[in-house]
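Structure in structure tokens, see below.
Note that the chains are named A, B and C in the order they appear, and that numbering of residues resets to 1 at the start of each chain.
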Amino acid sequence: MAKRIDVSGLSAFYGSHKAIDDISMTIEPRSVTAFIGPSGCGKSTFLRTLNRMHEVTPGGRVEGKVMLDDENLYGSGVDPVAVRRTVGMVFQRPNPFPTMSIFDNVAAGLRLNGSYKKSELKDIVERSLKGANLWNEVKDRLNKPGSGLSGGQQQRLCIARAIAVEPQVLLMDEPCSALDPISTLAIEDLIGELKERFTIVIVTHNMQQAARVSDRTAFFNLAAVGKPGKLIEIDETERIFSNPSVQATEDYISGRFG
Amino acid sequence: MNSSSLSDTPPTPASTDNFASISGKSVRPGDRIFLGLSRGSGIALLVIMAAIAAFLTYRSVLAISGDKANFFTTLDWNATGTEPKFGIAVLAFGTVVSSVIAMAIAVPVAVGIALFISHYAPRKLASTLGYVIDLLAAVPSIVYGLWGALFLVPHLTGLYGWLDDYLGWTGIFEYGDGAARSLFTVGILLAIMILPIVTSVSREVFLQAPKMHEEAALALGATRWEVIRMSVLPFGRSGIISASMLGLGRALGETMAVATVLSPSFLIGKSLLDPGGGTFAQNIASKFSEADEFGQDALIASGLVLFVITLLVNGAARLIIARRKEYSGAAA
Amino acid sequence: MSTLTDRTQVASGGTPLPVSLKQARLPRWTPPVLALVAAGAGCGIGLGAGLDSKIQWGLITALLYIFGTYALSAAVEGGRQAKDRLATSLVWTAFLLAVIPLASLLWETVARGIKVLDGYFLSHSMGTLPDAMPGGGIYHAILGTLEQVGLATLIAAPIGLLTAIYLVEYGRGKLAKTVTFFVDVMTGIPSIVAGLFILSVWILILGFGPSGFAGAMALAILMMPVVVRSTEEMLKLVPNELREASLALGVPKWRTILKVVLPTSIGGITTGVMLAVARITGETAPVLLLVWGAKTINSNPFEDAQQSLPLYVFQQWQQGSEASYDRAWAAALVLIAFVMILNLVARGIARWKAPKSGR
């Protein structure tokens, strides 16, 4: 039961610097929404406001509302730890815990959230690794350190780790930018499968990738360096890439700037 | 940690040395002199180390062969007269016990402060604190000794009485009335002394813990403590060990702070709170002024034992770190 | 354990387990209020039970606070949050626990040291003053310390610097590895052992008497490895491109080192040497064995006993009279001030001269 995200009037700050300004959008459940835009336009910052990771950066501060179905993530009494458990995240660079084995990496989130029997844990780990299309490659070396895998495998391990706790939403911050084309393809296929179960938001620099994997695309831009980033438009991916309603979007997509 | 990662890159391109020989001429005199000087310094350093080992051993052999009692087990230090009898048992016991107490107190507290600075304190406070801790690490040990003797000792009697009331039955924490000039006090003072250096090194390591692993833990819904347990402590473990060993090395060899605080005796008492006992370094400092040449040799012999112990501790630390590094993939 | 079966189902069926984002949280003011309550209770118990040591009051307060927070949080917020709070309060306690003695050390030294510290104190020696009498000063000790530390630096700095240059610029092969290893070993030598070594060679075998120079040699042994290590670090920070650029211009290697490598890293090297100087300034043990201490001014470091600041502190403490305690504190204050100033200046230089690419 993936959830819908409703953002309204959201601004994020680094100290006194406003990084993104007054963003409102709806992210549909069980679909892939891609964020595109030039560097520094605040798309990653925006993504990190969706699981309250932004406030972890020193000086990070958020104004506005993010509704997950009918609960405001920034409402009073909401525990950021619970938010992050509900909204999973995959990072730009694969970051498996270097001292943990492959198995322990996938089980890490589960072990935080409760006590499981060994057999249950085994089942969930296997299911998650299968869900991340990694099971066949690692099933014989579950006890080896996760840092021994290739970059693409590490990233899929991180995805397995994120989905093992069954989040409602999966945020991906340029998950393929550190990977080779074949690994990228594997991840993109995986995203297509995962959207059956999760609401997925992906930030990408690669417009072909956005066109390939996403159902809806949001274009972000900033007026000038040092000015806050803004949402220009969000629409069906097909429309954004064929017939966007704003000129700036078309300019960016056709490579006229950015 | 820093040095090892840097030393992976070869210091100078190999070609530079060939440069002179390829040119066909003999090596320039300037280069030869300079290389000679710098290599000579390195060799001088080795010679000094060899000399330290050789001369200490030589004088120790003189002392031990004149010792009429077993040097390792005798509970006495009488290195004068025709029947000198002395042994290091009390000193070894006192040195080890006081250092162990110091480590048991200092390491957890230092790791706590290091975490406080790296992960808990507000940012402004954190950088100031780090600076202050670094400065405190430079306070001379004699100042700790003076403070320990004139301030800490009188303030500990109440606590010791309390410990005696509740834990006296163990024997270890028995405490008669008297000044708190005991091995336990020495341990506490040594703990306070090594706190800054252990904190400083641990903090450095914690700050280097990769942000991306902390974020990974956070994004899984970990609390702050869970983030530290999952990503910071595993990364910092070898750093904590090397910091502790550095502190241990200092505690073992500390002279003045012990000499001012301890009221020495050549007995191994059951209680840690009652005055008495001694350490290698303290014994050398206190016995030196009244020692004749043979007495000084005897002290040198005990110094050699201290030297060997610190060497072993440092060696062990290095081994542990080297092994951890292979396993933990700290390069990630 | 119904939630467990729920969870397993979840993973297979794809129905996520319902989690509430809202968790019962203790209000923000809980920890400080609890700390106050614990402090009050600690003092109350201390007074009530007639405990005369403030250390006990503090310990009771700390224990009450730690367990109080844990219990309250476990009851209201659940186990994970409680553990998190336990860690937080432990870390804070560790910090406070450490701050108190260290602050007390500085405070006592300043408060008690300032009493007799004046121009007279700095410009006079002890002379023939009886130990129990007030008066006297540390001029002879300052002079001795400056001479001993100066001599030690003259010996240790060049050897340390050149060794570091050898290790970084030329060092390959067995010799370099051996030197690196023994520099590490040397770092761990207790200061009293360095003192014993010079004692055995210089005084017992060669038959010299105590002198500032004997002490300086022991201090030099302690200083050398520190200088080597810090200089090594700094030289390694110099980018290889700089060396190659110079060599490619046909500049001989030794001139490259002198004209390119050293000037680039001079700030860091100076800092390292100054920190090493600060460290040996406070060393007492070798001075006790080799310089012996004196009450009068001896400006010749090569002959006869001298005084030094740390040793002066020790000897005044040994006298055990009120007046000598005052002098010990005052000298300790001067010593701390000297070491701190050296440290601050050294770190200032490091920051000012830091290479742009550096940390």
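In this section, a residue touches a chain if its C-beta (ideal position, glycine included) is under 8 Å from a C-beta of that chain, and two chains touch if they have at least 3 such contacts.
Remember, it's a predicted structure, so these values are computed and weren't measured experimentally.
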item	value
Topology of the chain contact graph, where touching chains are joined (line, ring, star, complete, other)	complete
Most remote chain, CA-based centroid, reference being chain C	A
Geometric centre distance via CA averages, chain C-chain A, whole Å	46
Distance from chain B to chain A - Cα centre to Cα centre, in angstrom	47
Centre-to-centre distance between chain C and chain B (centres being mean Cα positions), rounded to whole Å	12
Set of chain C residues in contact with two or more other chains	80
Where chain B touches two or more other chains at once, by residue number	223, 226
Contacts with 2+ other chains: residues of chain A	81-83, 85-86, 112
Touch list for chain B against partner chain C, complex	2-3, 6-7, 9, 11-13, 16-17, 19-20, 28, 30-31, 33-35, 37-46, 48-49, 51-52, 55-56, 58-59, 108-113, 115-116, 120-121, 134-136, 138-147, 149-152, 155-159, 162, 192, 195-196, 199, 223-226, 228, 249, 252-256, 259-260, 280-281, 284-285, 288, 293, 296-297, 299-300, 303-304, 306-307, 310-311, 313-314, 318
Contact set on chain A toward chain B in their complex	51, 53, 56, 58, 81-86, 88-89, 91, 93, 95-100, 108-109, 112-113, 145, 147, 158, 161-162, 165
Contacting residues of chain A [partner chain C, same complex]	1-2, 68, 71, 73, 75, 77-79, 81-83, 85-86, 112, 114, 116-117, 120, 123-124, 127-128, 164, 166-168, 196-197
Chain C residues touching chain A - in the complex, by the definition given at the top	3-4, 7-8, 10-12, 14-17, 19-23, 25, 80
Chain C - residues contacting chain B, complex	51-56, 59, 80-81, 83-84, 86-88, 90-95, 97-98, 101-102, 104-105, 108-109, 158-163, 165-172, 175-176, 178-179, 182-194, 196-197, 199-201, 204-205, 221, 224, 228-229, 232-233, 236-237, 240, 243-244, 247, 252-255, 257-258, 275, 278-279, 281-285, 288-289, 310, 313-314, 317, 325, 328-329, 332, 335-336, 339-340, 343-344, 347
